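After this come two complexes, each holding chain A, first together with chain B and then together with chain C.
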Partner chain A sequence: MNLKNILLHSSALAILALGMSLVMLTNGIDLSVGSLVSLVSIVTAGLLGSKFGVLFAIFSGILTASFFGIFSGIIISRIKLPPFIVTLGTMVITASLALVLCGGETLYWEKNWFNTIALKYFFGVPILFCIVSIFFILIMLLIHYTSFGSYIYGIGSNEEALRLCGVKVKLYKTLVYLLSGCFASVAGIMLTSRIASGNPIIGMGYEFEAIAAAAIGGISFIGGKGNPAFAFLSAVTITMLTNGLGLMGFTTPWQYCGIGAILVFGMFLNRILAKVSLPER
Partner chain B sequence: MRRNDILLRFALLIILAILIFLVNPNFGKPANLINILRQGALLYILAIGMTIVILTGGIDLSNGAVLALSSCVAAIAMERGLPIMVGIIISLAIGMICGFVNGVLVTQVKIPPFITTFAMMYFARGLAYIFSHGRIIYGFEKSFRFIGTGNIFGIPMPVIFSLLLLFIFYIVLEYTSFGVNIYAVGSNSESSRLVGINVKKVRIIAYLLSGFLSAFAGLIYTARLNAAEPVVGASFPLDAIAAVIIGGTSIVGGEGNLFGSAIGVLICTVIINGMNLMGISSLWQQFVIGSIILIIITTQTYTKSAKINIPILRSRKIESFEK
Partner chain C sequence: MTGHILLKGENIKKSYGHVDALKGVDFTLKKGEILALVGDNAAGKSTLVKILSGAISLDFGKIFIDEKEEHISNPAASRALGIETVYQQFALVDNLTVYCNVFLGRLINKKILGGIPILDKRKMQDESWKVINLMGIKFDSVKRKVSDLSGGQRQAVAIARALLFNPRIIILDEPTSGLAVKEVNKIQDIILNFKDKGISVIFISHRLESIFATADRIMVLRSGVKVMDEENDKITSKDVVEKMFAIEHKK
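Moving on to the complex of A and B:
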């Protein structure tokens, strides 16, 4: 039962880590995902309360996040500004928009099938985690079997060389941020369904957790190195360890200390493993 | 950082101030201006540390949590009846220890600064809760509160402290070899190492200074509120980073200066103050600050070719370390 719970809880972080790892592979970073989760939660919940129907609400949520993903992507690739600064800008803008749209309050709607979807299980696996797994498989196929996948690694390793080879680097860079925005919207919709309300600060801090999960999963901060699969796994592992700390009877303050220690230890382990398997030179 | 980058920011600050003044003349009252400085002082002290760390090519997400931890410990020490000086020293020492641990993890264990300081954020926040048992510690002696609430010739103490720190760290960055090393390490750490700069030492000291300044800001914060609590400062790291970026410091390091950060902090504070005066909902504040970040950075890339030369705004950039 607890294992199901862990999978349910880790699904949002796992999909965010997946999107973040793609961005980080292109030598970028996306700080806006956490706020996008909040914004999508508000947009979806707000539209669920209206008469347009559930699918329209979900679609609008995805569209909102995609818009901001493309927005950051275009600024980063066309004007060539540092991703950190651009996504920091979109992060605070979207965080503020989420608060403005709902007036700082939690949104509720009349119960429908959207509320229960998060609590359903498919052969004992939470539906949400199944959705995340589908995305995971798609991304794995994308990375390993399409040219877009190799371009992602190429942009991270040597963008200039790839551009000189005639690859539309700007387009692919924008696409990566679009994907990250889409994944943020999926996470936002899943969280909205799970807590059955729209919360303007629900995504706070998710961006850093996703970055941490990706980094512990071995994605390099300078791009071009790492496998999104490990980012995905480390997101689940981090949730599991945090959950474990709670089960072992640690109070919240000690859990905070524990998470800090886990992060440092994870990175340390990661470095040792990298040395063992891939000796430098 | 180029001269016209600072001029651009200064012009933006003036334009913003004039606009707000035209909408609401109360903005120009001396009391309000001093209030802006007082509000900005705390953020500026954090921004100094953040600027130094970012100049070396790192980042410090832990300063809010370190602020909470050090102020809680100092408050507990004073509550138990220890002398004020001891409380202050303990608090600054804790800030420096946290910074030192950050620095060692970044340089020796080679964990990326982003993850190290993020982990430290959790760790320090957890310790702050553990030490304070989650309660608010309040009621300090008058002499301690003076550093947060006192005035000298009508100027609030936090402002005096931040000006003093600006002066000290300006001298350090511009006129000492340590300052030159910071810029060098941020521009190109490998060639800095090859010319014999102790890169690790420079980085560790940068994080240590950031921790020290966080603790210092924590003391002022505690003295001003007359209370210390473990939840403060969750938004401080991003506020400080936003101010530093608006101030024109390059996020990859090696470029930028403290005057820029001062202007960045003032821009943020003036916007928040002005929006409050105009009666705009506080929910919009972040939206405006985010837009300012995007607009100013975009403008900066297009004004690079413009030539405006004012010697007093000279800032150092080590050309020989450029790739």
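Moving on to the complex of A and C:
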């Protein structure tokens, strides 16, 4: 029963970790994913209460996050501002927008199938985790079997080499931030469905957890190294940890302490393993 | 054997802010000719190479290929004209495999399930093997990451990339720097082999012995100005050094 709970609760973080992995592989970072989750939650919940229907609300949520993903990507790739600064700005903008749009209050809508879909199971596996698993498979295929995947690793390793070879580096970088935004929207929609309401601070802290999951999963902060599959597994592990700490009676701040400690320990372990696996020269 | 003039530059100028990197350089390159580009640091060699490879744009001047004026606005345009460049820093991606590096910027895709493009790894591996074997440098696998290769092997990968699409002109920026003597000799053989195939070569190097062993003609740049352009057999390394460093004879 608790395993199902862990899978259900890890879904949002797992998909955010996938997006963050792609961004970090290009030597970037996306601090805006948490606030994008909140904004998407408010946009989707707000529109669910309108006459346009569930699919329109979902589509609008995805479009909103995609817009901010492209916004960050274009500024990072074209104007060449540091990803940390750009996505920090996007984070503040979208977090503020989320609060402005709902007036700081939680949004509800008339009950429909969207309220319950997140709590359904498919052969015992939460529907949300099934959806995330589909994204996981698609990302694995993208990374290992397409030019896009090779160029993501290439950008993180030697961006100039790709540029000199005629690769459209700016386009690929923008696409990566777009994907990260899209994944944040999926996480936002899933969380909105799960809690059956739109919450302007629901995504708070998710950017930290996603970065931690990617880093613990072996994605290098300097880009070009790592496998998003491990970031995905790491996201599930982090959820297990917080879940376990919760069951032991630790409150959310203590759970964050736990994640922080795991992050530092995980990075330390990565460094040790990297040294051990270095070939003799 | 060299033929007609394949590449011609007229009055090429390039500045970086207040610094004039090239001050109106003229040059020619014949079909099948090996032209050595020599000069001290900041002579303008790399700037000229970057202009020809499309990495940067010229400020003034004209470039002709087969007597037709061409505008090389980006690396893809340069490649489309049959110009391939092997850069000084190899321009390789350490975290990618040999075959991915060989095909960098031109990865081969195949369609599956009615049109979804995926990498044709087998084809790229086979093609990479063929090109690398032509150069005679030992490789155990093209699936290895470039970070695991020796200096000579890395240079071979960079040259293989240039060779893959039947270039008309290959530009080699310091291809022998940092290599062992045996590897230097191998690279020189490869350059001479280009000539046999009718490929024109622009070859930048600080190693005068490599230059005199391979080049048909030597062009010396100093502070963005062409100060010498002579046939290899009409000059000595002493002449080249004097022009490179503006050494005057005491009479």
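The definition used in the following text is that the second predicted complex is superposed on the first by the 263 of 281 C-alpha atoms of A that agree within 3 Å, B and C clash if a C-alpha of one lies under 4 Å from a C-alpha of the other, contacts with A are read in each partner's own complex, and residues count from 1 in each chain.
By definition in this document, a contact is a pair of C-beta atoms (placed from the backbone, for glycine too) under 8 Å apart; a residue touches a chain by one contact, two chains touch by 3 or more.
Since the model is a prediction, treat every value here as computed from it, not as a measurement.
Student: Examine A:L48 and indicate which partner it touches, taking first as chain B and second as chain C; both and neither are also allowed.
Tutor: In the superposition, A:L48 touches no partner, neither chain B nor chain C.
Student: Scan A:I259 for contacts with chain B and chain C and give back first, second, both or neither.
Tutor: In the superposed model, A:I259 contacts chain B only, not chain C.
Student: Given the touch rule stated above, what does A:L36 touch, chain B (first), chain C (second), both, or neither?
Tutor: In the superposition, A:L36 contacts neither chain B nor chain C.
Student: Which partner reaches more residues of chain A, chain B or chain C?
Tutor: B
Student: Return first, second, both or neither, reflecting whether A:F84 touches chain B, chain C, both chains, or no partner chain.
Tutor: first
Student: State whether A:L162 touches chain B only (first), chain C only (second), both chains, or neither.
Tutor: Touch status of A:L162: second partner only.
Student: Between chain B and chain C, whom does A:I211 touch in the aligned arrangement: first, second, both, or neither?
Tutor: Touch status of A:I211: first partner only.
Student: For A:V92, decide between first (touching chain B), second (touching chain C), both and neither.
Tutor: A:V92 sits against chain B, while chain C stays out of touch.
Student: After superposition on the shared chain, which partner residues are touched by A:I152: those of chain B (first), chain C (second), both, or neither?
Tutor: neither
Student: Does the superposition put A:A14 against chain B (first), chain C (second), both, or neither?
Tutor: neither
Student: Give the list of chain B residues in touch with chain A in this complex.
Tutor: Chain B reaches chain A through residues 61, 105, 109-112, 114-116, 118-130, 134, 238, 241-242, 245, 250-252, 281, 283-287, 289-291, 293-294, 297-298, 301.
Student: In the complex formed with chain B, which residues of chain A make contact?
Tutor: 75, 79-82, 84-86, 88-93, 95-97, 99-100, 103-104, 208, 211-212, 215-216, 221, 252-261, 263-264, 267-268, 271
Student: Give the list of chain C residues in touch with chain A in this complex.
Tutor: 53, 55, 74-76, 79, 85, 87, 90-96, 100, 104-107, 109, 117-119, 148, 161
Student: Which chain A residues qualify as touching chain C in the complex?
Tutor: Where chain A meets chain C, its residues are 141, 145-147, 150, 153-154, 156-158, 160-167, 224-225, 279.
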